[in-house]
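Chain lettering (A, B, C and D) follows the sequence in which the chains are written, and residue indices restart at 1 in each chain.
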Amino acid sequence: MRGFFPPRTGTGRSALIPPPPWYYSGDLLTIEYRTDPDRVAALLPEPLRLADTDPAAVALIWADWQSCSESREELLDPVRSQYKECFAVVRCSYRGRVYSRCVYIWVDKDFAVARGIHQGYPKKLGSVHLTRPHPYGPAPRIEAGARFGATLAAGDRRLAEAVVTLREPADDNGFVNAHPMAHHRWLPSIEPGRGPALDELVSSGAASFEGGTPWAADAELRLFDAPTEELADLPVGELIGAYYRQVGVCWNGGTVLDRGTSAAD
Amino acid sequence: MRGFFPPRTGTGRSALIPPPPWYYSGDLLTIEYRTDPDRVAALLPEPLRLADTDPAAVALIWADWQSCSESREELLDPVRSQYKECFAVVRCSYRGRVYSRCVYIWVDKDFAVARGIHQGYPKKLGSVHLTRPHPYGPAPRIEAGARFGATLAAGDRRLAEAVVTLREPADDNGFVNAHPMAHHRWLPSIEPGRGPALDELVSSGAASFEGGTPWAADAELRLFDAPTEELADLPVGELIGAYYRQVGVCWNGGTVLDRGTSAAD
Amino acid sequence: MRGFFPPRTGTGRSALIPPPPWYYSGDLLTIEYRTDPDRVAALLPEPLRLADTDPAAVALIWADWQSCSESREELLDPVRSQYKECFAVVRCSYRGRVYSRCVYIWVDKDFAVARGIHQGYPKKLGSVHLTRPHPYGPAPRIEAGARFGATLAAGDRRLAEAVVTLREPADDNGFVNAHPMAHHRWLPSIEPGRGPALDELVSSGAASFEGGTPWAADAELRLFDAPTEELADLPVGELIGAYYRQVGVCWNGGTVLDRGTSAAD
Amino acid sequence: MRGFFPPRTGTGRSALIPPPPWYYSGDLLTIEYRTDPDRVAALLPEPLRLADTDPAAVALIWADWQSCSESREELLDPVRSQYKECFAVVRCSYRGRVYSRCVYIWVDKDFAVARGIHQGYPKKLGSVHLTRPHPYGPAPRIEAGARFGATLAAGDRRLAEAVVTLREPADDNGFVNAHPMAHHRWLPSIEPGRGPALDELVSSGAASFEGGTPWAADAELRLFDAPTEELADLPVGELIGAYYRQVGVCWNGGTVLDRGTSAAD
């Protein structure tokens, strides 16, 4: 049986996602702020701990992607390559090293959901929009004063909305999402009452990266509550910074940091 | 950390799916036909084998569901309970027992995708439609001569379309999907070149069931090819039967039949 | 050139909607309440006036439809027949007669938008959900104590949500939407600064109707504000009643009550 | 009552579309080909006639837009500004002058549908995708050899798909869509058996325009049949050319060329 992900078949052609490496072209709109550190701590399972410095920092990131496999065929049938996402990232400490960790994420395509299951991003479907730069007409250029809007909804409820105004070139596009990711891949047992069937702490990051000049920005950000979401439980305190950057990324797997013992029966 | 599925939090409120038991109300439109048995065999990983009798039988099933957790709260926010699916089922033999096995399935909500990952259904997103019975106006009643249409699309391509015409009450709604399910829960390692991180053969079925009178039907069915799908590689040969039935189901977990050895490192 | 609606061609096959009569099977969930009568008056253009009795009454109605043309072919390709809508109705007086008037409406298919342009319903796209009755499993039967949820969103924002609990059979399903409709068909001139190109006051109603027993219900209703919507500017005061009913309807055109003089040039 | 389009209210805030001028930033992928001239003629109502030169030319155009009103507020809530469309354009002659004419068009937002009713574009909803250029990663730059895919689906069926490969800078992006548009604004009477309530031949074009270098391209184009569509009845004969161009456009109304006499009663 072949295929990097179910459904697996004799050919592998039906698999929801192709094997890595996966290649991405996209625009990133990042807003970093400080929240209540206890709220961050509550999202870090053992043995992860709060980062020593600035433990209450959160990055809320919107991304507008085109992605593809080694064959690049998805780019020519763009319903299979284009997707948008919005995700919340915090930092944590594990064995003395600082990691980034995505705690919430919404995407708008099924292949992106499946990649999240592989990478440990806790993905749900959502409706994600962000203004795109354009060289002509009313849409913004990437330049001082340019304004970009970004919104997130899920379950027919708006969860977040932001407006950023570019200010000046910057050295980077933030520090919260700048570390290797430390994610859990976790799946319950099919047997009620058992421990998880899969309980891995994994790490991964970009295998290669290129990007344009990051721009620092001013930002307004509002989060909204919803019955099945806890993003608004990371309330926006002090704004740290906002950024806009166009990037190209390759992702090609990661490493297992730790396996839970709870999977045994 | 709480939550039956990621994202897991201190409260569990954000989890994409709640813990079982899961309850379902829905309408099932089933078309059973014979295909090339080699095509079925090619979808059965070791140690599964073709069923001894009628090994080439396929059921293509459309379902229009409302589902909920023990709290039943999802029913009152129906964007969280309503979904439709279309799935292809074959039979297989494992250790002398016959099982049903879903080989392809498309759903239209993220919570249904996540339940599929738990249950071993190889779900993708699709656009699924089927005619609903109604007591007034032009829509069909459930009675002789009533006609129901059913369609499936994914990736902006139509994959299947059917029309069934009810003929008479029947004893059941088919035999292909009538056994416990034998599914794989399979996830690749995050580390390239390693064997799978999860490789379980699991079985589950309805914990409880109620249903109305099944109706036998005549059927027309057409399958269409697509670059990322292999449903049409189970070509429609002899039609065995078609059925319409309204049901109520509870699902509450399953059992592990076997664990692969390939996960070890 | 043939076709009841653009695009018109030599065959008429491409037309977004077929000619009436149009046939509907559906479920109606109605909540009637009183708002500020000035808010109703503000939505009635001359020569329409507030109804003499109970002028502040509003009906907010959710409907889950299957519809078709004389050929009924849409029922067998249900992506072309199924849609849901949520609409707000008030009453008004014109030349001494009471009419119903839809002031806001959201639907989830393009053919429904086009029918609204023909009938004078001021339709937008929205995401509409309502619980469906079902004879098995956790979904409600149509009986005392049954609970139905209903929600509306547009532009990625939730605009309304309701829960109704059936109480007892009733004589009707409300009075606000019980009159012939008095709607404007209004289209601006393509030439800036001119009066409207079309400015008709039209009336229509069901050409035929059948329906099940209406059920009276208790209701909770919440409306939410949004930048491009004014539904919440009809705030919920005293609840008048709530109703659930399954119906079959035929619509087959209407009559012009009046033509504006502003279209002249 | 205020509002450029229904629903009209005291404030005008609910109107589905704001008054022109409308501003657009977008990417245009154009494929021009020759079809059977009788098929073009069959889409031209009296008094329009085939163009004298190259009457069988068709342009199939994909566009990826961000659009806004004078306030530009839609750009910051991009669910209200971003949309994609695919449309087929032919040329015609009216009173000795050549016009472009859109004969089929699919868009993916309701505000775009409403603008089409105003402008005489015969819009339906569809699912439209086209590859976007990007400066980093696997997506194409706008340069020789860059490949862009484009697809169209409606009613859960794929209607068109294309791949273009940029070759060299060009002087323009085609001639079929280069004239003022001659469109009908046509709406049937609410009264069965009457002539149309609105029957205008209108003309409009860009009030202002800016654009980048057009690129000439090689193209592959496939059209697919569907029960409710006739795009494939403009079969692809000889390819004339293909083009890619980024543009900024302002639209600010048009003029009435002629009014039908059939609206009288």
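As a convention for this text, a contact is a pair of C-beta atoms (placed from the backbone, for glycine too) under 8 Å apart; a residue touches a chain by one contact, two chains touch by 3 or more.
Keep in mind the model is a prediction, meaning the values are calculated, not measured.
Shared contact partners of chain B and chain D, listed by label, are A, C. Farthest chain from chain A (centres taken as the mean of C-alpha atoms): C.
Between the interfaces A-C and B-C, more contacting C-beta pairs are found at B-C.
By the residue-number overlap criterion, the interface of chain A with chain D counts as same, with over half of its numbers used by both chains. Separating the centre of chain A from that of chain B, both taken as means of CA atoms, is a distance of 30 Å.
Taking each chain's centre as the average of its CA atoms, chain B and chain C sit 35 Å apart. Mean C-alpha position of chain A lies 40 Å from that of chain C. Residue positions of chain B touching 2 or more other chains: 77, 79, 127, 129, 151, 156. If the chains shown are joined wherever they touch, the resulting network links each chain directly to all the rest.
Note for the complex: chain B touches chain D at residues 127, 129, 151, 153, 156-158.
By the touch criterion given at the top, residues 1, 4-11, 13-14, 16, 19-20, 42-43, 45, 73, 77, 79-80, 103-105, 109-110, 113, 117-120, 122-125, 155-156, 184-192, 197-198, 200, 202, 204, 227-230, 252-256 of chain B touch chain A in their complex. Residues 23-26, 66-68, 72, 75-79, 81-82, 127, 129-132, 134-140, 147-151, 161, 163, 210-212, 246-249 of chain B touch chain C in their complex.
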